[in-house]
Amino acid sequence: MTDRAMVDGVSPPRFSVPLELRAVAITLALGVLGYTLFPDDLAFLTRLISITLLVLSLDLVTGYCGVATLGHAAIYGVSAYVVGNACLAGHSDPLLLLLVGAVAGAVMGLVSGVLVTRFKGLPQLVLSIAVGQLVAALANKLSSLTGGSDGLSGISPGRVFGVYAFDMYGRTGYVFSVAVLMVVFVVLLRIVHSPFGLLCQAIKDDSLRARMIGARVYPRLVLMYGVSGVVGGIGGALNAINTGVVGLDSIGFERSAEALVMLVLGGAGSLWGALIGSIVFQVFEHYVSAANPFHWMTMVGALLIAVVLFAPKGLVSLGGLLAGRTASVMRRRP
Amino acid sequence: MSRPLLELRNVSMSFGGMRVNDDISFSIGKGERVALIGPNGAGKTTLVNVISGDLTPSQGAVHLAGVDVTALPISDRVDAGLIRTFQITRLFKSLTVAQNVALAVMQRKGLTRSMFSCPMDRPDVRREWERALGTLGIAHLADRQVSQLAYGQQRLLDLAIGLALEPKVLLLDEPAAGVPSEESSKIIEAIDRLPSDIAVLMIEHDMDLVFKFARRVLVLANGKLIFQGDPAEVTHHQEVRRAYLGSYADARHAS
Amino acid sequence: MAWTGLSIGLDALSYGMVLFIISIGLSIMMGLMRVVNLAHGAFAMIGGYLASFALKNAGYPLAIVLAVLGTIAIAFPLEFLLYRRIYRKSDELTQILLTIGIAFVIIGVANYILGPTTKSIPLPPLLSGPVDLGFRMIPAHRIFVTICGVCTAGLLWLLIDRTEFGIRLRAAVDNGDMAESLGIKTQILFSATFALAVGLAAFGGVVGAELLPVEPFYALRYMVTFLVVVSVGGAGSIPGAVAASILLGLADTTGKYLAPEYGEFFFYLAVILVVFLFPNGLLGRRH
């Protein structure tokens, strides 16, 4: 009797290939859509993708681990600077630069993780801000490495695979960025559904309970911070590679806060949420903030308040509601 | 006599000036079924927290299979087979029912380091979490989100997580409290069917369940262990009756 | 050398006192209502703006009073509509987002109405001149701010230690549910505390305007510092906030004297060390 219930009740294996294939298809479709809608403004789109990676990176620690941080841009900015310097030093292969960014991001992520995930609550928030501000102050000071307030410029990456040069229209940069986003997104989908990813979510839900099933909470969180660092680092690398310039704005408090806004708008705790949030926010910003930057700030504020009050799980929950309904209908079908 | 699986030596726990547990010593051997009873505020849950490692005792030591674990973190105790359930259900609400239990299985098997593979559906893992869910009759809920479960079902899942960790010593904090009778009978059944070699310490208010389950009873009152022994004797013990049982013992006598 | 030390000390003290006056309200709110209010700096800024308006027609003392009351009046609808939802229960992320949203709106509106420039808050003649301390000339204003800080700390201590309000406040901090069951109306208590916190922020915003100039981005620029004061001092602790304010004032001032090119590097290094070593604050209690 119980055996039978088990056979009936348990669904076929999860996380099979289709989920990842779907992710590939959707990112590709978004890439084509972006190219069709903004053919003359690919620079905007590559910037968007670079920031999207930062938001995905933030999602890993905020959405999946429950760490409230306002200093995440430190990871993004530091990698951008490291990549910029590596390129200026003559290591200009774009793939190598991505790797450099990922490693720099991982190191920054691990360091931040060690400091930030040690505590919960106010000390955690303050530590996250302090780490971010410390790094920003350092970036300002070390102007020989960062160009100070002028920014680090003159970064010109070589050809992708030694064949495709970064052109002035940004076509190569765009295709390159979409490809990177696609790969990262698929890998992250795997990671958040892996036992490690599940454990992080479990820690977010109830860290004491997670300990009571034997989890070592602090090392897990630090490790996830490291993974998040890799993703943020790749984002920073894309920023340096595509724009050729790295400025102090890529490392500061505003960048961190903005990333958090995008994440929450889309829905923290879902990779799709991070993706949707950063796209919607930045496309919106592209039009509105150009018109009036100060109204823009008021609108972002009002938007945040509205999201907290009316859609605390973000835009993706609205989509998720629909999808959930469809799925349950599908399940009921014989 | 074989070495006890769980042993408390003169454990005391104070908060500020309040002694919540006062000089408590007892031991539980392989296969024993022991109930911990006592009036509200007697310090039972605190004691479970001390044993499980959530709290460090002010004095005394906790031994697990002969090893002093007083200074060890919770996770090490879990690895050694000391598992507890919670009085208030604490589940992972962003995960599905199956994932809640599978995570426990994978943690025990050391698979939670894995970042890219999905061992949840590996046959050996799957068999175990399906069995744990099946034992408690909630296999049909495997794909539900925890938030969609009724309270009784959540308690069943809580116990399923405990079972999936393959305890050697299992601490049950009021497993059947507030649970509708249909589910509570499943819980009792599951407790009955626990592997005979594990040691179980159960906090429980329901005396019928205590008498049915336990072959030994510990009574805690005002932080002190005032009685331990045969369940049949507990109702006759003067101090226990005064401290706790009161009307219940009288009623039982009368009938 | 000794004079330099004393000079740094004096500057640090007055700066620290400004930090204290503004941050203590945030600290009390965090201790009692468990709300991380990232719009606290925005309220201090509103106080500054209102004072600069009031000073066109009124004297300095009256302008301070008007600014404090005006800020409370502006903030109160926000308390009623938004803050009440997040007292004591919601998770930090929700609080951070809601209150940073409020701060953004205030910045945006301030910028739109008043423009991005710094608003001056002219001091009365008595406070605008220098005072000769023998070894050094010091702006009279710095002494005034220090006195304000000491008075604020003293009055708050009296309020919390000696009055009925203070007893209720402490009872609610220690155990909210218990206080409720004893008949303490926590909602009213929360509203009163909110008004007190906002009023203190506005007061600090006005008297500290010489050190923290009033402009739209004030709301976020110094918010981080206020948060740090609360964290280092321990939420809800007056002596903790005093100690943290002076310590952080010292760290910041010393850093700027000795290594100005490093900006706030040493300040945040100190913060990381202190918070990591004392996660519950220098004088805070464990929750």
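Each chain carries a letter (A, B and C) given by its place in the written order, and its residues are counted from 1.
Basically, a contact is a pair of C-beta atoms (placed from the backbone, for glycine too) under 8 Å apart; a residue touches a chain by one contact, two chains touch by 3 or more.
Chains and their UniProt names: A, C = Branched-chain amino acid transport system permease protein; B = Branched-chain amino acid transport system ATP-binding protein.
Model, not experiment: these values are computed from the prediction.
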| item | value |
| --- | --- |
| Farthest chain relative to chain C (centres taken as mean CA coordinates) | B |
| Per-chain Cα centre nearest the global Cα centre, belonging to chain | A |
| Distance between chain centroids, defined by C-alpha means - chain B, chain C (Å) | 48 |
| Chain centre separation in whole Å, for chain C relative to chain A (CA means) | 34 |
| Where chain A and chain B are represented by their mean Cα positions, the distance between them in whole Å | 41 |
| Multi-partner residues of chain C (each touching 2 or more other chains) | none |
| List of chain A residues in touch with chain C within their complex | 62, 66, 68, 70, 115, 118-119, 121-123, 125-127, 129-131, 133-134, 137-138, 140-141, 253, 257, 260-261, 264, 268, 294-305, 307-309, 312 |
| For the chain A and chain B complex, residues of the former touching the latter | 2-3, 5-6, 8-11, 13-15, 187, 190-191, 193-199, 201-202, 204-206, 208-216, 220, 227, 269 |
| Residues of chain B that touch chain A when the two form their complex | 52, 54, 73-75, 78-79, 83-84, 86, 90-95, 98-100, 102-104, 106-108, 111-121, 130, 133-135, 137, 139-143, 161, 165 |
| Chain A-touching residues of chain C, taken from the complex the two chains share | 30, 36, 82, 85, 91-94, 96-98, 100-109, 111-112, 220, 224, 227-228, 230-232, 235, 261-265, 268-269, 271-272, 275-276, 279-280 |
